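Scrolling down, you'll hit the structures one after another.
Each of the two complexes below includes chain A, the first together with chain B, the second together with chain C.
Up next is the complex of A and B:
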């Protein structure tokens, strides 16, 4: 656990929408709000988990941070420096500090590039080292992600590697620049459980070795619990609950987080684990939702209170807060 | 080291990627009957093109353009002296046919290369840049596609009285790139949003680097395939232009031969003169087409027959 360190990354009221294009004769284009005033602070050296269901906007947060996309409103600060306006050399410098691991290892490697070419590319782009040192650094990085001996792998092509090996190559590519922040966008969702555990351990080792800050995006609370120091739960582009991982897992305050925990498959049938039952059996039909984003599915909610007002973030003790009137 | 050891050793040899891909593709290509026929036909034509230098060396009267048999001054049928006969002023038809193969390869391959080069470059730029650039380039492609090329060439030849063969090559290239560029553009569009391109962007790669290092190697096989189809159309266009009398009068091509048959009124009198160039044009385009079809199968696994093991 990382204590009293300063924030390395700050998201300030981020608002992002996607336009869906209407058909020629059909209805006009409608906006899909991906992120609605998200504010986050990620501390130096921590593994910050961002948990949510599909379509909740968690991947969008990652893509905004690495500047693959731009928000409509809001600011992002890296070490106090606003990053959305970065251009040219400054942007290149920023790219060195912030890297990303993508979800699908089958898609995130160029099929035409060998492992050596793929992993060493960032070094070449940023003109680090000469031909000799580049290969040496690449070898070192490849073996540090558990592909050893590196000589067996550097001349292979993605189609000659398994899913887990590909993801390791992708991790090596992200790590070779020694970034300060790595956004890991569901790096294990395409891999099976035992490989996932290995990948998690690699990420933990990386953090130990070079104090990298991770933003770990996942749909699985279990994975988040294993890895993360702090967890934020996001639903329909709104931040629901944020707090230390143990707090979120054992003492969830927001009905949505509780529903997520209820949804976790449990191996131990006789477990005395409590059920929160915070998810409605039938969804409420809500025409125009002016209140809480979770209102239509929430069991605890109150028609007049939750249906009309957006609950603000409420402090619930040390660094734990939730956006719910009943928390 | 015995043979078994050798073969296992060979398997572990790390070859460059493109050689592996080539060998893999070749093993699929070999299975295609069309591809084999095309290859054999092309080999024959290539042999013709190479041997076109021999007859003039044997006797100057076999010079395809300027050599005239001193004893013959009209169209005659095949003989030992002239294997395919002579044309209306006594030039040897066989040596003309051989040179025609050379010209067909020259025009076909150089025009196809140029049009594919242009098409690939423009397609990649349009697909990658998107927005205004894309619209501009693709509308330009549309405009060129709907232009009647023969009509335009007719006007051009009226302007410059005589067109050299290289002008015709350039012309074909300029009129044939839009088809290629549309295919390459659509391929680029689908590649552009693949995560490995985004990964390159996150790593800090410039646009040029992304285009040349990440997109180009993925579209090149497709360009290469289109080149074989472009060769076919380039040869046909050249033959048509030559037959209509817009060819380069200083080179002997199969189209020119056909034009001479027609112009001198030997169309139905001298089949030994009319048929060989006609058959050659059909066969060479056919063989390039078959080559392309077989390569299509290599590049697109969906086209392969079910149940066959490659």
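Up next is the complex of A and C:
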């Protein structure tokens, strides 16, 4: 659990856009706003969930944090230090502290590297340990992700592993440098339910054992509830709601969060009725939306107020806030 | 008489190094206007089963044993020509990743018109167009989008178009293989409600195939849980969810994170699914089962009837419950 509320990572008004490439038939390129003024604080030792649908910008946030992308505007601070300007050795030091687990373990592992080579590679790059200790650390890390005994696995290649085992190797590779922050981008969306539960539990154990901070990026509110201390909901590049996980799920204030919860298929068949009804039956036709990103689909919205103005984040107590005039 | 009756179906694949037993001994029946959901993890044979019902298995796959009786006729005995008349007109399919099922260089409306006119050659083109317009209205696509190309549609709209295509020839049975897997939850919910509504309106029978137990739970009257090529539990959806009997069903349910109620620790299923090239003689879940006893490894599991609408393939479960 989170003992101190010290922020390890801060995002300040992040703005990111992508250019679409013009095609043969329509040669003009367009700007797509991926993130619109996102501000976040991630606390030391917490598992922070970023939940959104496809195209919401959730992966972009993760990629910005590990410096795979650069924002157009805004700043990112790790432990008070601005990271966007890091170069050379400082950047290498940063990479050691911040690691990422990708979505697809079929693509994130080099097919030509054995498990031993893949997992120990970060140690070699960062010049940690000698030949002897490298193998020992690697074995330990491999068994810590549940691939035990490690001797059964170290000489295998990715094609000899199942999807779940591959993802464990990817996790081991991220963990071996003992990072402070790990960005996990949909680490289980390619895996079966029983296997993804294994992965979730490994992440929880890792946090328990070494107080790593996780940014868990997911489309599944149920998975976020299981893993996370706090959840932020993102929609079309805008932060809609943020708060403690149980608060977001059981007392959602933003109509979009409410619509998400209504739409989830429930295992408990008796409670399958729509509770919030915050989604409009007929989508509004909006030419250029100057207001709330959810305006066109929102049932509670007001034509002039929500259609013209972007609602600011509103404090609702208990560290829960939502960007809605009606929250 | 049920619309579809499957008896002891075995489906094998020729693969490098031997024969892979993808589906073994599956039996079930489906009444008119009912929906049946098959749930299982990847590699359990659920897609193979769906493909076999339409005789659309890849060239290395074949039905090695069993019967598929659809509408009183044996599907296995039909030749290709006869099968063509069954496909789409009587049984249609919503494919996995349906967004890729549309031809990108043809207008969406024309593709559906083509499906209709191929199967009823006497129909005039403008009549077929009218039918497509009605279909689009039915599945919730605005009529003016009929002449658009697939790339102009959103993911949800493509899925709706594919559903419209599946409905085009008024089939008696639709096989929906992961119909909403690639979609966001809000759109998924809308599509599922759509399918459910259409089914009730036209009394179509539907077979849902999904890895997501909660999706199937919300749309199917009956549910079949598959594991490693076998059906392990089958019954009325509410009964199976309220009192799951097979250790695999129980394990599957407790490995899903839930939205409501107590936040319990998830209990993943240890181990991996067995190799279907050479499955063991006993229960296929033996290696991963918490309740297994030594005889489970040797003796094949047996069906135990829990109630007239609920049965389970587990020797142990039946005995434990004193049945």
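The working rule: the second predicted complex is superposed on the first by the 318 of 327 C-alpha atoms of A that agree within 3 Å, B and C clash if a C-alpha of one lies under 4 Å from a C-alpha of the other, contacts with A are read in each partner's own complex, and residues count from 1 in each chain.
Here, a contact is a pair of C-beta atoms (placed from the backbone, for glycine too) under 8 Å apart; a residue touches a chain by one contact, two chains touch by 3 or more.
Because the structure is predicted, anything quoted here is derived from the model rather than measured.
Visitor: Once both complexes are superposed via chain A, do chain B and chain C end up clashing or fitting?
Guide: Here chain B and chain C can both sit on chain A without a clash.
Visitor: Just to be sure I read the superposition right, which of the two partners does A:223 touch: chain B = first, chain C = second, or both, or neither?
Guide: second
Visitor: Angle chain B-chain A-chain C between C-alpha centres, in steps of 10 degrees?
Guide: Angle at the centre of chain A: 80 degrees.
Visitor: One more residue to check, A:34. First (chain B), second (chain C), both or neither?
Guide: neither
Visitor: Considering only touches as defined above, state whether A:169 meets chain B (first), chain C (second), both or neither.
Guide: In the superposition, A:169 contacts neither chain B nor chain C.
Visitor: Output check: A:194 vs chain B and chain C. Expected answer is one of first, second, both, neither. What do you get?
Guide: In the superposed model, A:194 contacts chain C only, not chain B.
Visitor: Output check: A:215 vs chain B and chain C. Expected answer is one of first, second, both, neither. What do you get?
Guide: The answer is neither, since A:215 touches no partner chain.
Visitor: Does chain B (first) or chain C (second) touch A:259, or do both, or does neither?
Guide: second
Visitor: Return first, second, both or neither, reflecting whether A:104 touches chain B, chain C, both chains, or no partner chain.
Guide: Touch partner of A:104: chain B, not chain C.
Visitor: With both complexes overlaid on chain A, does A:184 touch chain B (first), chain C (second), both or neither?
Guide: The answer is neither, since A:184 touches no partner chain.
Visitor: Nearest approach of chain B to chain C by C-alpha atoms in the superposition, in Å, rounded to an integer.
Guide: Distance of closest C-alpha approach: 5 Å.
Visitor: Chain C touches which residues of chain A in the complex?
Guide: 53-54, 162-164, 192-198, 200-201, 219-223, 225-226, 246, 249, 259-269, 271-272, 279
Visitor: Can you list the residues on chain A that touch chain B in the complex?
Guide: 66, 68, 91-92, 95-96, 98-100, 102-104, 107-114, 121-122, 125-126, 155, 157, 170, 173-174, 177
Visitor: In their complex, what parts of chain C are in touch with chain A?
Guide: 41-42, 155, 184-186, 188-190, 192, 211-215, 217-218, 237-238, 241, 251-253, 255-261, 263, 265-269, 272
Visitor: Which chain B residues qualify as touching chain A in the complex?
Guide: Listed in rising order, the residues of chain B that touch chain A are 14, 17, 194-196, 198-206, 209, 213-214, 217-218.
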